[in-house]
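Letters are used for the chains, namely A, B and C, taken in the order the chains are written, and counting of residues starts over at 1 for each.
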Amino acid sequence: MKEPLIRFSNVSFTYAHGQAAGWQALTDVNLEIHEHEFVAVLGRNGSGKSTLAKHVNALLTPTSGRVLVDGLDTSDPEHVWEIRQRVGMVFQNPDNQLVATTVEEDVAFGPENLGIPSAEIRSRVTEALEAVDMLPYRLHPPHRLSGGQKQRVAIAGMISMRPKCIVLDEPTAMLDPAGRREVMRTIQRLNQEEGITVLHITHHMDEVIAADRVVVMDQGRIVLEGSPREVFSQAELLRGLNLDVPQVTDLARRLKNRGLAIPEGVLTVKEMVMQLCPSD
Amino acid sequence: MSIRLENVFYRYLEGTPMETTALTDVSLEIQDGEFVAIIGATGSGKSTLIQHFNGLLLPTSGRVWVDGVDLTAKGTQLRAIRQKVGMVFQYPEHQLFGETVLEDVGFGPRNAGLPEEEVVERVRRALAYVGLDFEELKDQSPFELSGGQKRRVAIAGVLAMEPGTLILDEPTAGLDPKGREDILDEICAIKRERGITVILVTHSMEDAARLAERLIVLNRGRIALDGTPVEVFRQAETLKELGLGLPQVTELMHELKSKGWAVNTDILTVEEAEEEILRVMGGQR
Amino acid sequence: MRFRDLTIGQHIPGDSVVHRLDPRTKIIGTALLITLLFTVDGFLGYLLAALAIAAVIHLSELPWRFVLRGLRPLLMILLLTVGLNIFLTEGEVVFRFLFLTVTREGIARGLMMGTRLVLLIVGTSLLTLTTSPIQLTDGIESLLGPFRRIGVPAHELAMMMTIALRFIPTLLDETEKIMKAQMARGADFQSGGLMQRAKNLVPLLVPLFVSAFRRADELAIAMEARGYRGGQGRTKFRELRFGRIDAVALSVAVAFTVVVGVFF
C-alpha cells in the first residue's frame, strides 16, 4: 500500500502551550490522507477542525506527535517552504488572501515566491485561471469581484504553485449560496480532473456529499470516519454534535422511525425519490 | 408602527456614465407585528431596500413613511426614526468599539439622550434577550469575548434601543448549525415577548419558510413575489428562473408529484413532509 | 459604492506613446520637470516649460479637461499663494485698496508662483494619468533597487505600496459599512464643534483599526502559506523593459532640462 500523502500520528496540539490558559485543541489525532482523495472534515466551531487544517502546511506544528507531508516532517523548519509548495491552503475570508491589485498579479504571487522564471509564470497563471474558470477576469481588481469569484482566484493562486494537495479551511463560510456552489464545483473539478488531493474543512453537511471520505471531529478528537453515506446514517450522533443534516436525511430518519423501510444514509432529493418510488 | 414605500426608485452615481438603478418602482407596506423575510440573489437590492426602512438611504424618487412620518419631507429627524427601527448589519461584531460591554451596548440609548440609569436598565434587558449575563460582562472588553458572544453583544446593542421594528441582515452568516439555531430561536423569542415587527434578510429558504409569515422576493431591484411562504413557494418555476431554490422538502414534494404521487406540494418543513408522505403512502397501501 | 469607483491617482488607460513608456522613464522625467520648475527664473523659462508639458499632453492623447481636472481641488491653495504674493511683496506700489497694497513686484511674483504651482500639478498628474499604480510601484521598486546596498528596503516598500493600493477600496467600503451601522444606532458624524466631532469618530475609527489589524494578520498568514519570505529569491511576473522610445524620451528630457535650466 502506497505511503499516504499526509499522515498524522498521535498528534496533540495546545494553544499557548505551557501557559496557564493553554487550551488543548487537538488530542491524539491519527489520520491518513492518500493522494487524489477528496476528504471532508466536519465539525462544529471549536471542534479542532481548523487547527487540524493548519497542521497540514506547517502553519502550526504539533505539541506532541508528528505530521508527515509527502514524507517530510512539518516540525523541521528546513522543510517548511517545500511543504508549502506541495500543500496549498485557502482560507475563510475571501478578501484577506488577495494581495495584489489585479487578478493575474495575485495568481502570480505564489510562483514569484518560488523563483519561477517570468515566462513560465505567465503560462502557469493562464493555466490556473482557466482551471477555476476566471480567465476573463484576469485584469480585474479584487474589490470588484464577488465572494465566490474571490475564492476562486485564491484557489487559482494556489494551483499556480502546482501543489499536490489543497487544504480549504471553511472556504464557503462567508459566501452566498451562488458563491458556495461555484467554489464546490471548482474544488470537485480540480480533484476529479486534475487529480489534486483535497482536504475540505466545513460545517455544512451538503458540502461533504461529494467527498470520498468524511472525518467528523469534536472536542479535538476524531469521533467518526467513513463514506458520506456511512456518516450521514449516524443522524442521532451528528445531531448530538450540533451538526445538522440535510432535510431529506432528517426526513429519512423520521420515516424509518415511523416504520418505513428506508435506509438512513439518504443524501439528496434524488435518492429519496428513488427510495420512495423503487418501481420507477 | 408601519413602514410604507411608494414608487421608490434608488439610483446612484446619477448623471455619470456609471449610473445604476438599484431599486425600481418599489411599493410595499409592512404592518405592525409582521414577520417578513426578504429573499433575493446577491445584487438584487435587498441591502438597498432595507436601508430605506430606517432612513440610511433616501429614495431618489418616491416616498417612504415610517410610523406615519414622511422620511423624505424636509426637517424629518432621521435619528429619531433609527431609534424606532433598529438594524443589525451582517457580521455586526465588526462594529464593536466600546471599552466595556456596557459602553458599547449602551451606545444606542445614550445617543437617544436617555438618563444613565435607564441606559443601564436597557443594557441589562438587551443582554438578557441574547442570553448573556449583565453582571458578568458589563465591565469586560467586548474584544476579549468569544466570536459567538461578540455577535450577541452587537445584536444587544441594537436591542437596547428597544425598537418597535427590528431588521436583521443575515444574522446567522458565518455561524455553525448550532449557532444559527440559537440566534434564530432568540429572535423568535424576542418577537413573541415584545410583539415587534421583524424583517429578516436571508439566503436560507428553509429558515424563511419556517419562521416568516410573509416573504418578499427581490429580483434586480424589483419586487418579484410577495406573499405567504406557501404562496411564494408555489411559484417554483419563477423562483428557479430567479436563481433561487425551494426548501429541500418542498422540492422533494414536487418531484414526488411529478412521479404521479397525489401529494400536497404546499409542504415547507420536515415535520409536514413526514406526515404528508405517510398519509399518501397509507392511502396507497 | 460611491467611494470605491474613484480610481486612485485617476489612471486613465490608453495606448499613446506616453502610456507605453517605461514607468521609470516617466518617473525620472517627472523628477526632472520638478527640478526644472525650481531652477527656472523668468517668464521665458516658464513658457518653455509650459510648452514642453503641453507637448506631452498632446502626445498622451488625453482629453485636456481630464488633465486640468487635477487643478480643481487645489484651486483654493492656488488663489491663496497668488494672493499672498501679490499683497505682501514689497516694492513699487501700483494699486491701493483699503489696507491692501499691490506692487509691481508682487504681481510678477504672484504670477510666477501661480504658474509654477499649476505646471507642477499638471506635470505630476500626467505621471499618474498615464501610468497604472502597478507600473508605478514596479518603477519605484526598480529605481530604488541599487540603493538596497545602503539599506533601502526597495522590495518591502513596493510590497507595502501594492498592498495599500489593493486594500484602499476595500477599506473605504468597510468605512461606509461601519458608519452606517453606527448611524443606525443614532451616531451623528455631521454636527458639533471640532472636539465633539473628533469624539464622535471613535465608534468609526476603533472598529476600522481593529479590522485593519485583523486583515493584516490574516493576509500575512495567507502570504506565508504561499511561500512568501521577503524579497529573497523572488522573480517577477511583469518585467520592465527599456525600449527605444524610452531612450529617446529620456535624452530629450535631460537635454531640455539642462538647456532651459541653465540658460533661463
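FYI, contacts are C-beta pairs under 8 Å (C-beta built on N, C-alpha and C of every residue); 3 or more make two chains touch, one makes a residue touch a chain.
Everything numeric in this text was worked out from a predicted model, so none of it was measured.
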| query | Compared with subunit B, which chain's mean CA position is the farthest off? | reply | C
| request: Report which of B-C and A-C is connected by more C-beta pairs in contact. | output: A-C
| message | Nearest whole angstrom, what separates the Cα centre of subunit A from the Cα centre of subunit B? | response | 31
| request: Could you put a whole-Å number on the gap between the CA centroids of subunit A and subunit C? | output: 44
| note | As the complex stands, subunit A meets subunit B at residues 44-45, 146, 173-174, 176-179, 203, 242-244, 246-248, 250-251, 254-255, 258, 260, 269-270, 272-273, 276-277, 280
| Which positions of subunit C touch subunit A when the two form their complex? | 4, 133-134, 162-163, 165-166, 169-170, 173, 214-215, 218-219, 221-229, 233-239
| note | Per the touch rule, the subunit B residues reaching subunit A in their complex are 41-42, 147-148, 173-179, 181, 203, 206, 243, 245, 247-249, 251-252, 255-256, 259, 261, 270, 273-274, 277-278, 281
| field | Footprint of subunit C on subunit A - complex, ascending | value | 57, 59, 81, 84-85, 88-89, 91, 93, 95-102, 104-105, 108-118, 121-122, 125, 141-143, 154, 157-158, 161
| message | Per the contact definition, I'd like the list of subunit B residues that touch subunit C in the complex. | response | 12-13, 18, 20, 51, 54, 56, 79, 82-83, 86-87, 89, 92, 94-97, 107-108, 111-112, 143, 157-158, 161
